[in-house]
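Take a look at the structures below.
Look at the two complexes coming up: chain A is in both, with chain B in one and chain C in the other.
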Partner chain A sequence: MDVKDIFSYNWSYLLPELIILGFATALSLLDLAMGKRTNRAVLAWLALAGVLLSGIFVVVNMVTLNAPYSYMADMLRVDGYGNAFKLLFLSGVAFTLILSVCYMKQGEITHQGEYYYLLLTALLGAMVMASSADLITLFVGLELLSLSSYVLVGLRKKSLNANESSFKYVVSGGIATAFTLFGMSYMYGLGGTTNLYLLADRLSEAYAGGYAFLVLLAFAFVVIGLSFKISAVPNHMWAPDVYQGAPTPITAFLAVVSKTAGFAMVFRLLFGAFIGLASPAGGSVLMENLSPYISVIAAASMIIGNTMALRQTNVKRMMAYSGIAQAGYILVPFATLTSLFFEQSVFYLFAYLLASFGAFAVLMLVFRDQQSEELKSFAGLYHRSPLVAVAMTIFLLSMAGIPVTAGFIGKFYLFVSAILQHHYWLSAVMIATSVISYYYYFGIIRQMYMRPGATEAPLPLPKGVAFVIVLTALATFVVGIVPGAVFDFVQAHFNPSFDFGGMTSSSK
Partner chain B sequence: MMTLQLPSFLLVALILFSVGLYGALTKRNAVIVLLSIELMLNAANINLVAFAKYGLHAAITGQIFTLFSMTVAAAEVAVGLAILIALYRNRATVNIDEMDTMKH
Partner chain C sequence: MPNSYLLSLITLSPLVAIVILAFVPKNQGGILKQIGILGTLLPLVLSFLLFANFNYGDPHMQFVEKVNWISIPVGNPQMGEVFSFTINYEMGVDGVSMPLIVLTAIIGTLAAVASWQIKKRLKEYFILFHLLLIGMFGVFAAQNLLLFFIFFELTLVPMYFLIGIWGYSDRERAANTFLLYNGVGSAIMLIAFLIIYLTIPGVNGNPTMNFGELAAALSTPNNPMLQHVSPSLLFGLFLALFIAFGIKLPVFPFHTWMLKVHVQAPPSIVMIHSGILLKMGAYGLLRIGIGFFPEQAYQFATWMAVLGLINVLYGAVLAFVQKDLKMVLAYSSISHMGIVLLGFAAMNSIGFQGAIFQVISHGFISALMFFLIGVIWERTETSMISELGGLAKSMPFISGVLLAAAMASLGLPGMSGFISEFLAFLGLFGVKPVMAAVGTLGIILTAVYLLRAVLRTTFGPMPDRYQGAADAQPIEVIPMVVLLGFIILIGIYPAVLSEPLQETLKNIVPIVPGMGG
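Here is the complex of A and B:
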């Protein structure tokens, strides 16, 4: 490639990423220039401005680009698939920033500048993971997200829990990275290229040419490694400890943005590279031979997540196990693979984003007020602040999958596709574990409405957090009533040709 | 003259990976655990470089990938050690067994 070629690309389609990079750099310099005692809240608002600006350019790309646009042999590509996930990441980080401003007032985090720009670099990593079709850039994006979040988890330097949880996160993350990289090295070895579309062809050649075992080994390594980011079985053990030790806005970030980024990469990598494998009989190996394993991972995540959540008294740990179960649900469309796969996943992730951020906003308020993360701190919440209690009820109902919420519709779509593809045992596990999950979700609701609290004083409700709670509650409710609007929007703007959001069609 | 074949490289990498995994899962000293993770990452690097020369479609890309993964591994261990130092300041231990304040 010539230097001239680099300038021949239209770089304006990459503005969302470049803006985040620019703001992260500017924030790190500003942080150096600011005095030690200056209030860093202004950095949060600057970061939020950057995130919103970047969101605007994602929308511009959505409107102006009709076909995927590829940079440097798909090292980065702008397509419907990436745009949909980028919007999810950006709204997630916007919520995280608003919650962080409130959280900072507790004064536990002394390095606030680092907190804000690491959040932006983590976002950048997530965006690269969603919009790359090359092993090298995917890996670098994954690590940019991981390294930033390791530090974010441990930013409460004086807290023993935070130190411990971030160290556990680094160690389990490092092992998972090694697994992913080892799997990628086999993929590269069999294909001789890091481009996913070329790999898809060459892996299917290798599969037919007597290297089937190595291809499957690569698949297994990559799945094991990436199950860490989505906190699914077998790499789920870190989640409860890390969620408990991290600052609450960061817990929400890990539960939603980091997990969504993991899914973006799982889908892109596994579809991109392994969709072409054909068995001797002519059927698709991914759909016939590999999807049962994905189903097992999904079912195991649902069962372990939901049953372990039952015995937690710490609400953050409970949310971690609930998150493991949710990861299992989001793997269902991947295991069943209908032509609506992309819409189903994005819809479920959207519903999950709304409910999780709302719930973590409430969690943060209650923990701050009660100085405790136990289930009992929710006692009597309805009498202290009816608005917050009702909103929390909507979030919990959505996560549990009860009608008139976005979560119900999301689960319903997954359930229908599992039935239609004759995955009966998987749908049975879905139903059974959902019923189990009612028990612990309703445990919080019981505390809020039926248990007397230690105090009747109204719960203080800062404006930013109130905004997040009201917005997410309304959206959860409205999307639950008119899900078709969101579904149509995803179909119209991200996925015109049923090719998994422009993911499987190379632009060449 | 006997030349080294691809399987020898892959075998070394696989052994290194397994040794690293064993160390990461069983060792009590946190620094050794971080070292073991480095072993696992470097095992993947050996694979990449070997495949770049002897792979099915030998190409230079593997060596480029190695450059990236080495950088990332260095950053990872730097972050890991920084967090370990913060932990050591509060707890005065690097023993993994004693990091159990959140057990349930």
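Here is the complex of A and C:
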């Protein structure tokens, strides 16, 4: 590996990250300079502008870069894989910001400045997680996201729930981080490098050279640690409590952006470093020996998430369990490991992002209005606002995987792949739990259409929330009818096959 | 040439009404009803066009449409290699599905007329009603597995609402039961479809979802593409499909959801449910279950006959002891669907014809029956047999039609029920005489329970409160006369149905092993 002068890199490819960093810094300084009583709504719009600007440069990178661009031996890496995830993060945070503006108007959170720049730093952490191929930067990104989220969850200082959930989040997050770091230390100890592409070769040497147990131990620890971020079994218990206590836009952020970032890192790290392991017979260890364990985690998440959701009366907790189940579904491509696992997971995550953000926007509206997070607060919603109720129905159908929605195509795609790889029991669990999930998703639908509400007064619908709801509902529906457009876009612009060391061994 | 997209036009034509309804204010009840009813005339006219242009001599799919729809890239475990699965939008009809589309259009229009008694939330009701129509047309017109599945699921969601919002007192539980049973059925169906898609390539070796190509591949003797497919997998697939469609039909242990729906859903929706939705199960069983796996179906035929017998007798016996007219008819439906199974179990051309005749005939008869129940409910607010009685005095016309419907249902010669039961049993007698003999008991029982129920409602002492009840209004007379007309038409001129069937069944039947005429 040749050492390059730090100024010899073309830093313009890092503009998306640098812009977010710049805006976060500027916002924190502005917040200091502004008077105590000044309305900080302007910060929200600034943050949104930063996110959009950053998104533009991600698109510019997609167009101008034909091959991955690597900084400092892959400490940072601009590639199709990262770009795809960055677009997901940026749109997620943009939605979060729009929702937040409407949330703030109700005056529950007074510390607006922190709120916005912490969202941006969390976003920066997520972006680093998606665009790095080095243990150290991956970990830094993970921590940046985690620490920002801990604070965001606890921002409602005077709420008991918020304090409880923030505390739980910190403690369980800390434990999970310890697991991840412990696993990484074994990886470094065995491989002597933090670069993922080099690790891929070194770990396979170590595996063949009698250290198989330690390699697998490292794998297990990293998987357990990272299952926290994606709220999959065995580190899923925090989700219901934290989701319940956090402000609703932050719940949406955790459920979508933070989880997606977790997946970005899971795929990059585990796939990048462990793909090269070869069993004595010549087969791939990752595909043959480890994928059953991933399947078990996926199946357990689906079963626990979907069955626990049945009993919830608090909608946020229900969404948390539903999110655990969704994490199980998104792990399916990782368990089945085809060369297209990237397309599958990105498509599913995209569908999940649309449906979740739409659903959380509706939740926020309803909770605000009813001052309650119970299932009953949805009663009679259809009569109060048909538009919102119909949109919510689309989101729920998409999450349940019923045609004609994006969620159906996403699930169908995972399912095709699982059956094609003869993972029959996993596909059976997938289908069975989907049917179970009908029950609680339709429970909300039942409330909206079939139960009389406490009031018939029209639901106030702020413009920003309406924008998010209509946009996500339309997109969910359209993608459900013409999914080909998304597949083509992903294939044409992200082409991830050269982003993983194991596939082309493009290590430098 | 409009023929090339006529099926899509029929399937999507209810959208016109949906769009118009969406712009009518919801307090304009009269206008909403008119649009809701007039909207169903569009698919009706188009489906008559389909009927008129259908070529009886052609055993193949007609009005075929094919557009490239989704191209899914799929990877294999050897990293890097990527191939694409293309899923087409494919429509087409043959002699089996064409009559079903016409049936759907007719019953759709009449059920819309019957919806005049819906009192609340008319706008949503008619929007969902038309969505349901789209799903049903699509199921019968779809020519590939994914499209079939999507339309099949598309009927699920509107039905859930239609039962859950406009049903009787226990409507929500009925809607949930409906959703869960059918959800399980769809799940099993999806698994089976995908395994078929991924393990059974078309004749040319490419993966395909097209009905015709799959059936051809599976019936090619010693197909080299199928050497890796074990016979037990094929049998398992057939069994999974049998269960999936059996839940819809419904076959005996899976029937409880259907009783709840029959009792709780509003009469206009039960007309559709009993008249068409149950038939989707029979259609799927024939087109996909037996159509793809004739050998496996043949091996399973004895069990199919046993299950059919259980349906026939269990339904008939339980119908006899019911106190609620709706329950009598619900069990009667189970009994009659048993005859469809018996016709399939015969595995010969006559049996199949009987089964399809039964599907269509029961569609008309049960739609008529439930229409009448709705009409009677309007006047008496009950469907309990013990509380009714002597209706013939105050409503002679309605009672007369009810008696006629019962006659059709119990198989009086000259009406459609006779032809279908006769053909189904004729087919079965040729191969399984003992079972057929036992099955005919069901016909006798049918006569007993239907006459008991109908006579007790129409004759005998009449409670005073029904003294002033009016006989049928013109808007009620039309559906009764039309439905009765079709029942008698099929009864005295069965060729209207058997002609299109004949050629198509020739196409399905020769691949059944051990075929008798």
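Rule of thumb we're sticking to: the second predicted complex is superposed on the first by the 493 of 508 C-alpha atoms of A that agree within 3 Å, B and C clash if a C-alpha of one lies under 4 Å from a C-alpha of the other, contacts with A are read in each partner's own complex, and residues count from 1 in each chain.
By our rule, a residue touches a chain if its C-beta (ideal position, glycine included) is under 8 Å from a C-beta of that chain, and two chains touch if they have at least 3 such contacts.
Quantities reported herein were computed from a predicted structural model and do not represent experimental measurements.
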### Query
For the three-chain model obtained by superposing on chain A, do chain B and chain C clash or fit?
fit
### Query
Just chain B (first), just chain C (second), both, or neither: which does A:446 touch?
second
### Message
Tell me the contact category for A:185 with respect to chain B and chain C: first, second, both or neither.
### Response
first
### Message
According to the stated criteria, A:83 is in contact with first (chain B), second (chain C), both, or neither; which is it?
### Response
neither
### Message
Taking the superposition on A as described, I'd like to know which of chain B and chain C A:415 touches: first, second, both or neither.
### Response
second
### Task
Figure out whether A:306 sits in contact with chain B (first) or chain C (second), or with both, or with neither.
neither
### Query
In the superposed arrangement, which partner chain does A:340 touch: chain B (first), chain C (second), both, or neither?
second
### Task
Using the superposition on chain A described above, determine whether A:472 touches chain B (first), chain C (second), both, or neither.
neither
### Query
Regarding the shared-chain residue A:154, is it in contact with chain B (first), chain C (second), both, or neither?
first
### Task
Once the two complexes are aligned on their shared chain, state how close chain B comes to chain C by Cα atoms, in whole Å.
25
### Query
On chain A, what residues does chain B touch that chain C touches as well?
none
### Task
Going by the contact rule at the top, pick out the chain B residues touching chain A in the complex.
13, 17, 20-21, 24-25, 30, 33-34, 37, 40-41, 43-45, 47-48, 50-51, 55-59, 61-62, 64-65, 68-69, 72, 75-76, 79-80, 82-84, 86-87, 90-91, 99, 101-102, 104
### Summary
In their shared complex, chain A is touched by residues of chain C numbered 69-82, 85, 124, 146, 149-150, 153-154, 156-157, 160-161, 164-165, 171-172, 175-176, 179-180, 183-184, 187, 190-191, 194-195, 197-198
### Message
Residue numbers of chain A touching chain C in their complex, please.
### Response
287, 337-341, 343, 382, 397, 402-404, 408-409, 412-413, 415-417, 419-421, 427-428, 431-432, 434-435, 438-439, 442, 445-446, 449-450, 483-484, 487, 491, 497, 502-503
### Contact footprint of chain B on chain A as seen in their complex
135-136, 139-140, 143, 146-147, 150-151, 154, 157-158, 160-161, 163-168, 170-171, 173-175, 177-179, 181-182, 184-186, 188-194, 202, 206, 211, 240-241, 244-245, 311-312, 314, 317
